[in-house]
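What follows is a short report on a single structure.
As written, the chains take the letters A, B and C, and residue 1 is the first residue of each chain.
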Amino acid sequence: MANVSTLLADRRAEFTGYSFAFLDDMAKREIRRSILKAIAIPGHQVPFGSREMPIARGWGTGGLQITLALVGPTDAIKVIDQGDDASVNAANLRRLIAKTTGATEVYATHEATLIQTRHRIPEERLGAGQILILQVPVPEPLRFVERSVAAARAMHAERDYAQMWLALYEDIVRRGEVSAGAGYPVMVNHRFIMAPSPIPRWDIPKLHHAQSLFLFGAGREKRIYAVPPFTDVRPLEFEDFPFDTEHFDGKSCIRCGATDSYLTESPREDGSKVAVCSDSSYCDDTLSGRKVVNRW
Amino acid sequence: MVEPLEPLLRVRNLTKVYTSGNRRVLACEDVSFDVYPGEVLGIVGESGSGKSTVLQCLYQDVAPTSGQAFLASYHNGEHSIFEADRRERRELRAHQISMVYQNPRMGLNLMVTAGGNVAGRLLAADWRRVSDIRDKASDYLQRTEVPLDRMDDFPAFFSGGMQQRVQIAKALANGPELVLLDELTTGLDVSVQAGVLDLVRDIQHTTGMTAIIVSHDLGVIRLLTDRVLVMKDGHVVESGLTDQILEDPQHPYTQLLVNCVTA
Amino acid sequence: MTDPILSVRDLAKTITLHILGGRQVHPLRGVSFDLQPGEFLAVVGPSGAGKSSLLKALYRTYVADAGSAMFRTASGATVDLLRVPEREIIRLRREEMRYVSQFLKAPPRIPAVDVVASVLTGRGIAVAEARTRAAESLATLRIGTDLQTSYPALFSGGEQQRVNVARALVDPPRLLLLDEPTSALDTENRARVLDLLREAQGRGTAMIAILHDLEVLRVIADRVLVIEDGHITQYGPVSEIVFPDDLDAGTGELAVSGGHA
């Protein structure tokens, strides 16, 4: 036990009055155990004893607990909120993690070892060894077709997804398309339907056969699940209604000029809207002339 | 010589006892029968005779107390469907056995469109082309005379007769081997009853479906069934060809039943 | 003579009326006879003598108490109609024997043409062809196209009876059981029905028919079986039978028009 991290923990504790990485050892151990189980059963929701955190439930407590259970003093930590490193929530989380662990705060995607994110997967392709931790508000993809939690779990256990397919079918016949924009349901490893957290459709294909590890944490709902590297992840689609990502025909980022990234609308003072990269790190890279070689 | 046709379903000693506290209520006891492919079997009796319980057990809405039911397509008829686990039970419902309830609200998902209700069974059977599913669903809805312009409406707002038609379409979609029909006209107006009966008869005629029809209405039994079981107080008191049961009933209870109607 | 298609021995039927305190009636008290392929056997007797019970027992609408009725099937096997499993009876009814009741028992709300066609579709014949043949058969019995598409329940007695006969003869079975097939018909239609029956006979259909009309009987029957009180009192060729008084002597018109085409 007497290793670098213990020593560092002692030092940090002196600074902050908290144990290393905020959580007590037993909490971290339990979360890690749940993470291992989640990795072993891709897409399966593993319950865990979600702790009280110094931020409110619904503000990323699930993702934060995973991050704090994994982070070491030598990690480079990046936190983004809808792609943005500089949002107040992202900055606060990042500061908390750094302060209680001594980990380095970074913005550049390729420099990060751990990335905690709300509702986006970075534009730059993640490599082996990088871990993306997604904050999840509603971990149960069947929530909207089956109100009973017990029944939904039975459906997962038996791979009984007819209700989910029926919901997609109803969407198509009544609206002409699947209405799910963010958080489009995916089939993981041909076995479990999974809520990918409210990432845009743009990011869905990135989950398929990725080199990196994806971890999903839902603090309020007390669930952890995972997509290990090189796992088959496919959006639910009908043969004659294939899944499609968002299109930004002709639009480009007003800041960096990129036409190949996920754009969000940003209002201006005169009431008009402009398109801007959702991924601030990618936008900075493009602006500074650094070519992002690794794309998804 | 007759081809040695195997029964599609063999029910043996089916018994269901409800217990509440130390009170035991016998719903049905030692019910045994065979159903052959293409045959329509009727179960007739007064309310409380246990006839609906037999269907509920076969559809596995209710767990029998004892007895077996062998479906030819389930483990080659070597194991009782009552031994099925949850997943197998779902498979049985998706592919082999379907049910039309007396109350359409039991068999329909009212939060889903009429077409979606029919599509549900196809999706459960892994259909993954919207156009195919829609074609099939509209085919069945058309066959059950549900106007196609109502296909994408919610059945909650349909009349009882129309709901029953949607339920029948749902039960028939995906071509189940065995259809269970429980008092399918009881809740309907007399004028609507006729239409629903004609529909089932036509489908039986054109598809050769195998079915078990439970009814207390001898008119329904006469019109739709080849053979009949007569139940009283949870027991089968008599069985035979439908015309034989109606014209030459042997058991005192059946004689009473037949005479009550024709009187 | 060839082997009989049907051989009935000691057929007995008792009905116990439980709702009348267990009272018993005995419509059949041991009936025996043979029927050859293509033979027309007329059954006569006073009402209540057991004539209908005989047909119903052979068709299995009635459960017989004793005796046997050995029927030679198309495949050459011999089965006892009184005891063969219900499944086989259902098959025989579809493919080899038919019962024509005195009154049409057609299901409601089905057009006449489909009532007749259902006999053919039940044997696996395509709907279109079945309809065509059914329409021809009805037309022969002078049920026109307008009536063919209406419901038989709305027809007159004679029209219903002709639909009934059309259903029996659209595809003549090996054994035909007829209960008063001509009772409600006028002379001309009666003659047509007799023609059709003879035609079926020529193709080998064996028939047992309850008849009241002596004139019809004389034209068509090969042999006659007289039943009284559940017993056979006479059995033989028409010429040897002493007919009971209550038989309808007929109008004589049939004999006049008997030679018509």
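Going forward, a contact is a pair of C-beta atoms (placed from the backbone, for glycine too) under 8 Å apart; a residue touches a chain by one contact, two chains touch by 3 or more.
Please read these numbers as outputs of a predicted model, since none were measured by experiment.
If each protein chain is taken as a node and each touching pair as an edge, is the resulting graph a line, ring, star, complete or other?
Shape of the chain contacts: a line, open at both ends.
Can you identify the chain nearest the overall CA centroid, using each chain's own CA centroid?
Looking at where each chain's C-alpha mean falls, the closest to the middle is B.
Quick one: which chain's Cα centre is the longest way from chain A's?
So the chain farthest away from chain A turns out to be C.
Suppose each chain is reduced to the average of its Cα coordinates; what separation in Å results between chain A and chain C?
That pair's centroid distance is 81 Å.
Roughly how many whole angstrom separate the Cα centroids of chain A and chain B?
Roughly 49 Å separates the two chain centres.
Distance from the CA centroid of chain B to that of chain C, rounded to the nearest Å?
Whole-Å distance between the two chain centres: 35.
Would you tell me which residues of chain B are touching chain C in their complex?
Residues 1-2, 5, 36, 39, 194, 198, 201, 205-206, 223, 226-227, 240-241, 243-244, 247-248, 250-252, 255-256, 259 of chain B touch chain C in their complex.
Quick check on the complex: what are the chain C residues that touch chain B?
Chain C residues touching chain B: 15-19, 56, 60-63, 73, 75, 77, 86-91, 107-110, 118, 121, 127.
Over in the complex, which chain A residues touch chain B? Could you list them?
Touch list, chain A to chain B: 154, 158-160, 162-163, 165-166, 169-170, 172-174, 238-241.
Please output the residues of chain B touching chain A within their complex, sorted ascending.
Residues 86-87, 90, 94, 112-113, 115-116, 119-120, 123-124, 128-131, 133-134, 152 of chain B touch chain A in their complex.
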